[in-house]
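Two complexes follow with chain A in common, the first pairing it with chain B and the second with chain C.
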Partner chain A sequence: MMLGIGFNFMYTTSQFLNFAYGSIYTLVAYLAYYFLRISIGVWFSYLLAMTIGVLLSILIYHFAQPQRIGSLRSAAFTIASALLIEGIVEEFFGENYYSFPLKSYLAGYNRILYHTIGVPVQNQTLLAASLSSATLLGVWFLLYRTKLGYGFRALALDESQAELVGVNAKLMGFISAAVGGSLVSEASLLLSPSGVLYPDMGWVPLIEAFGVVIVGGLGSLRGTVIAALGVSLVYEVVFYLVSPVYSALVPLALAALTIALRPNGLYGRLK
Partner chain B sequence: MSRGSVYAFLLVAIIVIEAGIAAELVVHRPVTQSEAITNTTITNYTTPTGIPFTLATTPYAAQPSPTQSITQAAQPQSAKYITIGVAAPLTSPVGASILNGTILGVQVVNSHGGVIINGTHYFFRVVAEDNQGENVQAPPSTAVEAVEKLVYQDGAQFIIGGSAGNSAAEEAVESILPYLKTIYLEVGDATTAETLNVAANPSAYKYFFRVFPPNSSMLGTYLLEFFGALKYYSQNGLEDVPNVTNVGILAEDAAWTQPIMTANGGGPMSGELPQDLENILGYNVVYSSFFPLTTTDFTPYLQQMATLHVQLIVTLMATDDSIYFVKQWGTFPWPNGKPLVAGINVLAGLQPGYWNATDGLASSVISLGAIPPVSIIDQYFPENFSGQQYAYSFNITEAYDDSVKEFGVPPFYTGLGSLSAVFVLANAIQRAQSLNTDKVIVALEKTDLLTPEGIVRFTSDHDLNAANIPIYWAQWHSNGQIYPIWSYLYPSKIFFFEPPS
Partner chain C sequence: MKWYTLFPALTLFALPMFPFFDIYSSTLDLALLFGVLTASWDVLAGFTNYFNLGQAFMFGLGAYTSALLSVDWGATIPETMAASTLVSAIMGLLIGIPSLRIKGPYFSIFTLSLPLLFEQLTFIFPNQLGGERGIFGVHKLSHSLIGSYYATLVFALASLLVLYVIGASGTGLILKALGEDEDAVRANGLNPTTYKIFGFVISSVFAGLSGSVYANVFGFVEPMLFSYSVSLSVVVMGVLGGLGTIAGPFYAAFLVELLPPALGVGQTEATIIMTIVVMILLIRNPSRLHRIIRTEKVKVEAHPTKR
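Presenting the complex of A and B:
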């Protein structure tokens, strides 16, 4: 959901489709792993990795502004950036599978939940769910309760009109890239610890996020949230009632269905 | 940005992604029901003799990145070269081992003067391309492009290639071999479809040879033999093997698992693994499921197995999903005790990478095909190929030791295969006295060579004849080391078994 929101956020505010999102996700995870291994402190490692993720997102946006080079070239540049970042990660970290070092109390399943309600949930998943919910509230607050958010929404509605009333579209674009970068970095730091690091680990989350965004509608954050929950629900239904094998197709199958039947998505507003 | 251009872009992106997934699905076959199996090859096991468990462990250095440079021993300036192309997932330890094994093999061959054709010494050299074989998101065309680049751009005359379980990519590569007319020695993938193609259309697919591992049908046999031994040991209370009745099977949804799980494999057992475990070995298979290759959360599967009181989880996993699985299995709150995990768990052979990647949670995980320390193999499972000389006097001990010395880690099974493939190729070229593809193919078909992986012979459909290929079952122990615990060459022995804790 966070990946979808970040991806959609950038598109909504500056029509920027950032396909390097998955690679930023990968790089942040590897950087956090590296900083933790050289023992510079847990919080500082996370903060530093996240900062680099945000800066990288801004940098990619700087070169790939769709208003400057066109949307297709912009998307192509982000894909190229994704491959470049992935290549750098492979070159620097090699081919091994790395496991993110976790504090022992975060590792494994939450036994209290399991013994009380009988549902096994990983501690890291609980942390990810709670922090991403808090982040979602933060994004909502930013968009609907701040001046900056008014500016974003104005740009989303009509860029030229927004500029006429004094919204600096260029600056807002960079800010949206920063917000998107922070969201993907946070998602990476929350999800990576429960898995394994490998150089192309970012493509699966990117594709799933892309599917969710299509279903929810490009340009609609509400749609992304509802679609994320809906896609997860359909995923579980297919898993248990049809076959686990077909559940992997759910995000993209729903995306294809949405394009065919309702191209704007559930709540999308394409320009 | 106009709406039309966005639609067009999204549609193209979706089509490309779906096409990649569809290509993967095309070669997958759903599980079908089959008849019960009546034949059996399981024999009675004699009580093992008491052998003391003393052994040395080998500390491992950190793994350096493998080189992709051209390798050659000291050769005269006028030396002629044969270029071997390596198409492997170089970004993963699986592919790195293929490249390392090839480099090691090339060094050995070259140090023995290379290959002599009509009095002229030819030395091997290596070029490599990444086939993205371990990236389940990469379409099969990536592997095809890697091989094409090796042949058309890098000048490779022979290809050693593969991955661990990306059957779609291997079949895609096989489909272009009639056009490339280049010999392809496959290591890593066990799918029977490739050699079935050779049998169906030998003139087109004659270029394909599977060097290692044995195909999926044989893998099914190995599974049953080991679980039969495990059953015998558990029933007789031997070696701390727990008494297991309820079994769960978790298999990747990939082409290589189909012949093991279904009746279409055509192997000696020719049956479904779930039914074979029940009808032949007397286990109670309470759970059996495929899972998508992109699975990272195995909680629903673990929950289902916990509910059904599974005591043994049989795994068929060839990609990094096994790392996710083991990490979650290792920390799952099992209400009835942690079940044993045993099966084909390809990455479990990575030493010490798998232990590190699973944060040490791989303790007690058993896998087929790992290459345990050769000191233990030599002492407890001595390889016996009396009457036959190892090619280049290079056996598995030297393969293991040289790999640790040069690359810092023991060979993965793919590395053992690629090393053997180099020896097989050199031997075939030497016998053919030619680099002509058709002549080398004829020579390859007559291969009978003792290599580090065992005696390599090919069947009529260019598959590996597994009759003399020692395969070890190995288990990770809580001390972070891997030990061989069983081999079908010595069926009455299980050693070093450590129950899950």
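Presenting the complex of A and C:
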């Protein structure tokens, strides 16, 4: 879901489709794994991995600014960089599967929750849920309660008009690249520890995020949040009531349905 | 897009004379099919600027259709190829009608997810679709190396020619106009969606056909055909070869597939080299060497490019 928000954030503010987010997701997970293994401390390694993810996102944006080289070329550039990052990860870590060395306080089930409501919840999941809601609130605050967010929204409405009243579109683009990159890195650090690492792991969350973005509508953050909650609800229902194998198809099926019935998504508005 | 760009492909007929042919013939077959796949991608992407990020979907669909018909029903090779053509054309219509109606990046995002969908389906129905192992024992086109190579080559050149003729025809011109300015096409009384869908169906049919040839040449299909690396490599190779030139993407894909054995490096290293080259080209834009992607509208007006 956060990947979707990060992606849509970039698109809304600077008309920039970044297909490399999936690979940044992979890279950050691998880096965090690597830093943890050479044991330089949990928080420090997470921070370092996240910083690299953000820097990479800014770097890609720097080279692929759609305003400079055209939107198609910039999309092609992000695709090439996605393949490049994936290739580099494969080159250094090989095609083996790795699993995250979880710290003991994150590995087990939460006792308090188990005793009060009787549902076993992994601590990692709990952390992910609470932190992602906090991030969501933070993004909302940034967008609707700060001067920066005012600028973003102005840019999303009309770029040339916004520049006319003194919004620095170039700087805002870089800031939104940083925000997008940090959202993706955070999603990676929160989600990947509960699974295994492999070089093309980033594509599945990216495509699920795309499904969510299509359902919610490109260029609408509110739609993305609502769609993310709705899609994951349907996903879980299918997972438990029908069959786990079909649940992977849910985001795509919903996206296909949305495209057929309401092409711009639930809340989308496309120029 | 010049007609004489097709001629270098004829030299491929001479390749079996070289001593290394026996070792690399399957690589060459694969490179030819990838060339056709990339050229078929170029018909839509290079002309109309609608990037199909799931070209592997049609390739895999054609391959699986042929394999299933051949193994389960014992269909002959022409029958499987006809069936693959039909299936990919119908699928092209089914996907193209909803997703090409709307402007913008929806089409790219939607097509990116299609290969994943089919990959999942092969795991959901392991008995019918072979699961992770794929389907083996497809009726082979030819059992000799040279036979399969020439069969693939003839198919590749024929499709290249057809794609080129479509590109050079009036329809191709309209497709190119769509890439420049959709509203101008509409103003001329033409329906842009119809032409976009036509381009997509043509592109799908040739992708499906090359998939069918893949199944018949190699004798097996596997879910790997649907992987992102196939779809996205097609995009990168198409950009490398020059969008909208048909022959360019074909050569680029052919040569990139031959990189690993030629340089003595693995597939991963080849990908890294290729992507770095493409990224540099995209930033630097040596427009005299290759007009990589049609420059933006303003620039086109400033220096009208010859085509």
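Definition applied: the second predicted complex is superposed on the first by the 260 of 271 C-alpha atoms of A that agree within 3 Å, B and C clash if a C-alpha of one lies under 4 Å from a C-alpha of the other, contacts with A are read in each partner's own complex, and residues count from 1 in each chain.
We adopt the following convention: contacts are C-beta pairs under 8 Å (C-beta built on N, C-alpha and C of every residue); 3 or more make two chains touch, one makes a residue touch a chain.
Owing to the predicted nature of the structure, the values given are computational and were not obtained by experimental measurement.
Participant: Could you check whether chain B and chain C clash or fit when both are placed on chain A?
Facilitator: In the arrangement built by aligning on chain A, the partners chain C and chain B clash.
Participant: Applying the document's definition of touch, where does A:Leu83 land relative to chain B and chain C: first, second, both, or neither?
Facilitator: second
Participant: With both complexes overlaid on chain A, does A:Trp43 touch chain B (first), chain C (second), both or neither?
Facilitator: Touch status of A:Trp43: no partner.
Participant: Should A:Ile214 be classified as contacting the first partner (chain B), the second (chain C), both, or neither?
Facilitator: both
Participant: Is A:Phe63 touching anything from chain B or chain C once the two structures are fitted on A? First, second, both or neither.
Facilitator: So A:Phe63 only meets chain C here.
Participant: Should A:Arg73 be classified as contacting the first partner (chain B), the second (chain C), both, or neither?
Facilitator: second
Participant: Name the contact category of A:Trp203: first (chain B only), second (chain C only), both, or neither.
Facilitator: both
Participant: Applying the stated clash rule to the superposed structures, which of 152-160, 332-340 or 422-430 from chain B runs into chain C?
Facilitator: Among 152-160, 332-340 or 422-430, the clash with chain C belongs to 152-160.
Participant: Chain A residues touched by both chain B and chain C?
Facilitator: Residues common to the chain A contacts of chain C and of chain B are 17, 72, 75, 90, 200, 203-204, 207, 210, 214, 218, 245, 248-249, 252, 255-256, 259, 263, 270, listed in rising order.
Participant: Of all residues in chain C, which touch chain A in the complex?
Facilitator: Interface residues on chain C, with respect to chain A: 49, 51, 53, 98-99, 101-106, 108-110, 112-114, 116-117, 120, 123-124, 227-229, 232-233, 235-236, 239, 268-269, 271-272, 275-276, 278-279, 282-283, 285, 292-296.
Participant: Any idea which chain A residues touch chain C in the complex?
Facilitator: It comes out as residues 11, 17, 19, 63-64, 69-70, 72-73, 75-77, 79-84, 86-88, 90-91, 200, 203-204, 207, 210-211, 213-214, 218, 245-246, 248-249, 251-252, 255-256, 259-260, 263-264, 270.
Participant: Under the stated contact criterion, what part of chain B meets chain A in this complex?
Facilitator: It comes out as residues 1-3, 5-7, 9-11, 13-14, 17-18, 21, 63-66, 90-93, 95-96, 132, 135, 137-138, 253, 289-297, 299-303, 306, 320, 323-324, 327-328, 330-333, 347, 350, 353-354, 356-359.
Participant: Considering only the defined contacts, which chain A positions touch chain B in the complex?
Facilitator: Listed in rising order, the residues of chain A that touch chain B are 15, 17, 66, 71-72, 75, 90, 94-99, 101-102, 107-109, 111, 114-115, 120-122, 125, 194-196, 198-200, 203-204, 207, 210, 214, 218, 236, 239-240, 243-245, 247-249, 252, 255-256, 259, 263, 270-271.
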